[in-house]
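A short write-up of the structure that comes next.
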Amino acid sequence: MIQIIQNLGKSTRTSFTKLGRATYFLFQTISGTFGILLRPRLLLNQLYSVGVLSFLIITISGLFVGMVLGLQGYYTLSDFGAEETLGVMVAASLVRELGPVVSALLFAGRAGSALTAEIGLMKATEQLSGMEMMAVDPIKRIITPRFLAGLISMPLLAGLFSAVGIVGGQIIGSGLLGVDQGVYWSQMQASIDFHDDIINGVIKSIVFGFVASWIALFEGYDAIPTSEGVSRATTRTVVNSAFSILGLDFILTALMFGDN
Amino acid sequence: MDNSVSSQDSIVSVRNLSFSRGNKKIFDDISLDFQRGKITAIMGPSGTGKTTLLKLIGGQLFPENGSITVDGEDVHKLRRTELYELRKRLGMLFQSGALLTDMNVFDNVAFPLREHTHLPESMIRSLVLMKLQAVGLRGARTLMPNELSGGMARRVALARAIALDPMMILYDEPFTGQDPISMGVLVHLIKSLNNILGLTSIIVSHDVHDTSAIADYIYVLSGGKIVGQGTPQEIQQSDSEWVQQFMTGAADGPVHFHYPAKDYVDDLMSTGKRY
Amino acid sequence: MQHTSTQDTLVGLFVASGIVGLLFLAMQVSNLSSFIDEDSYTITARFENSGALKVKSQVSAAGVKIGQVVGINLDPKTYESVVQMSIYSKFNTLPDDTTASIFTAGLLGEQYVNLEPGGSDIYLQKGGKIEITQSAIILEKALGQFLFKSAEEKK
């Protein structure tokens, strides 16, 4: 019994010190922002590996999610004779929830795990130490551009995901199942609000991009510098990112859409 | 403390240094001096914290007690920017080379120049080619680090370490895992760079033969203490049993072959326990 | 770093397509375009009961969308619902004896304001008032009346 309480105390202590390290790490990362803006080349390279390389998985997943929504939505709505609101249903679920959340989860799996592995390996092969000894701050030189790239890429990827998904829903809804194309769009436009839906969705995706990049980079930077440590850190990145994204999504949804 | 080394002309002086990791004492109140312009070697078996000593000198780790002075500045009392200024005058060669894996050889050597200077690209090119020529790898400039052999990677790392013309280079196990030829190349390089560029070198190694061939002065560490010091000849003729075992590589001696355990016969006879 | 220029191109394409995606959401999916594109003027109508009408509900004439509701308030003296509607400027020929009714789109659909133009030669101006209104049909009320009537007829 005492053993259990001891373990609880110990894990509380370690998770608090880890949170402290992560916060300090975040401050250091953000403090490097100005330096990176003076060297946009570093940011551009990271936008490539974080953003461009996630492009394909995001758009293809978006298309399929939209098509599935179109199918399922049509079958459910046609029971009530409300097929014409298919556009609203597809767009609302994508823009408010699925776009930001699913693309953030995919981002954590594709780009986040790659970032953790990359930083962890750089640590394991003494590249970060080596940089420090060359009087180059590895956080400002390596971490900050990757963090900014994640922050910029995430809303773009989420926007792409939703847009492709809505088109996918339209392909199924009006191409295959016979919802009028005009009705699909006009009902959607009448119901989806720019501020309440689109802007809130973008805010969500920025928050998710922030958290997913932070977790991925910190887990890599904090990894035990062995191959086993790096592989564990990569797993932790995906798990912790998923938890944080879904938890934050609930909180943000309650804050944003609660008073309607 | 041996007075054969006066602290006036020493570039690095370590005073009463203590450092532990967990419960294990890595250094216990040791003092060392490294003379300017000389090659000083720190030797000792694996796990005696030789690399840790280099990291302490470079200011990456903080000691529990004692001080380390590099070129007149107390490393651990410097502010961050001052420490970074000091590090620009130090070169460090890591055991693995620590080359940046996403850049080719040329860009790796150019890295410190691009980070710390605003030289035009044409001048950076000339400088990089000069440094690569010095280590004999000018022709390998377009290779990526994963295409290099271990010895070549270390030579590239050496070219990178001398890119900013440092006053001192710290070598972390430069000879480990090298074939005889690349070992010979590295020994030659370290010696000639030290003489031609007027560098100070600190070599951490457990390779007795090659290190004594180039070192001017040797410290032998064990169990957190200095167990022997002197010129290579003095060390060879040391009357310390421990130093003799280390230099000749005898299997048993003051450092026992067996990890501490209870009596062998008792252990075999005690049944019923899993371990 | 040999492929710097292709990398730049791909990054450029990625950022551009992301922005296009967001613009698509803003312009094609949401109602933002209806704010930006059209000049509009505001008129008000008083209803005895505005039912489930909401801000941003559609205002239409003969089934064509000509504007939207921008405000619903209760008049503290008359206890009427004052509905402000923003009408696109291109529909500036609504006569001042136009009738405003609150209809429901389908059985379960949203409520909207329907304007039925009258025959007057004077057009409604900015800030104009619609005098003739017909309140929302409240389903419970209508059902209640129907049941009450049929009960009376049976007597």
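Going by the order they are written in, the chains are A, B and C; count residues from 1 in each one.
FYI, contacts are C-beta pairs under 8 Å (C-beta built on N, C-alpha and C of every residue); 3 or more make two chains touch, one makes a residue touch a chain.
This one's a predicted model, so the numbers in the text were calculated from it and none came from an experiment.
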Chain at the geometric heart of the assembly (C-alpha centres): A
From chain C, the most remote chain by mean C-alpha position: B
Mean-CA-position distance for chain C and chain A (Å): 36
Distance between chain centroids, defined by C-alpha means - chain B, chain C (Å): 77
Length of the line joining the C-alpha centres of chain A and chain B, rounded to whole Å: 43
Complex interface listing, chain B residues touching chain A: 55, 58, 60, 84-85, 87-88, 90-92, 94-96, 98-101, 111-112, 115-116, 157, 160
Contact set on chain A toward chain B in their complex: 121-122, 125-127, 129-137, 141
Of chain C, residues touching chain A in the complex: 7-8, 10-11, 13-15, 17-22, 24-26, 28-35, 56, 58, 65, 106, 108
Partner chain C, residues of chain A touching it in the complex: 44-45, 47-48, 51-52, 55, 80-82, 91, 95, 152-153, 155-157, 159-164, 166, 185, 188-194, 197-198, 201-202
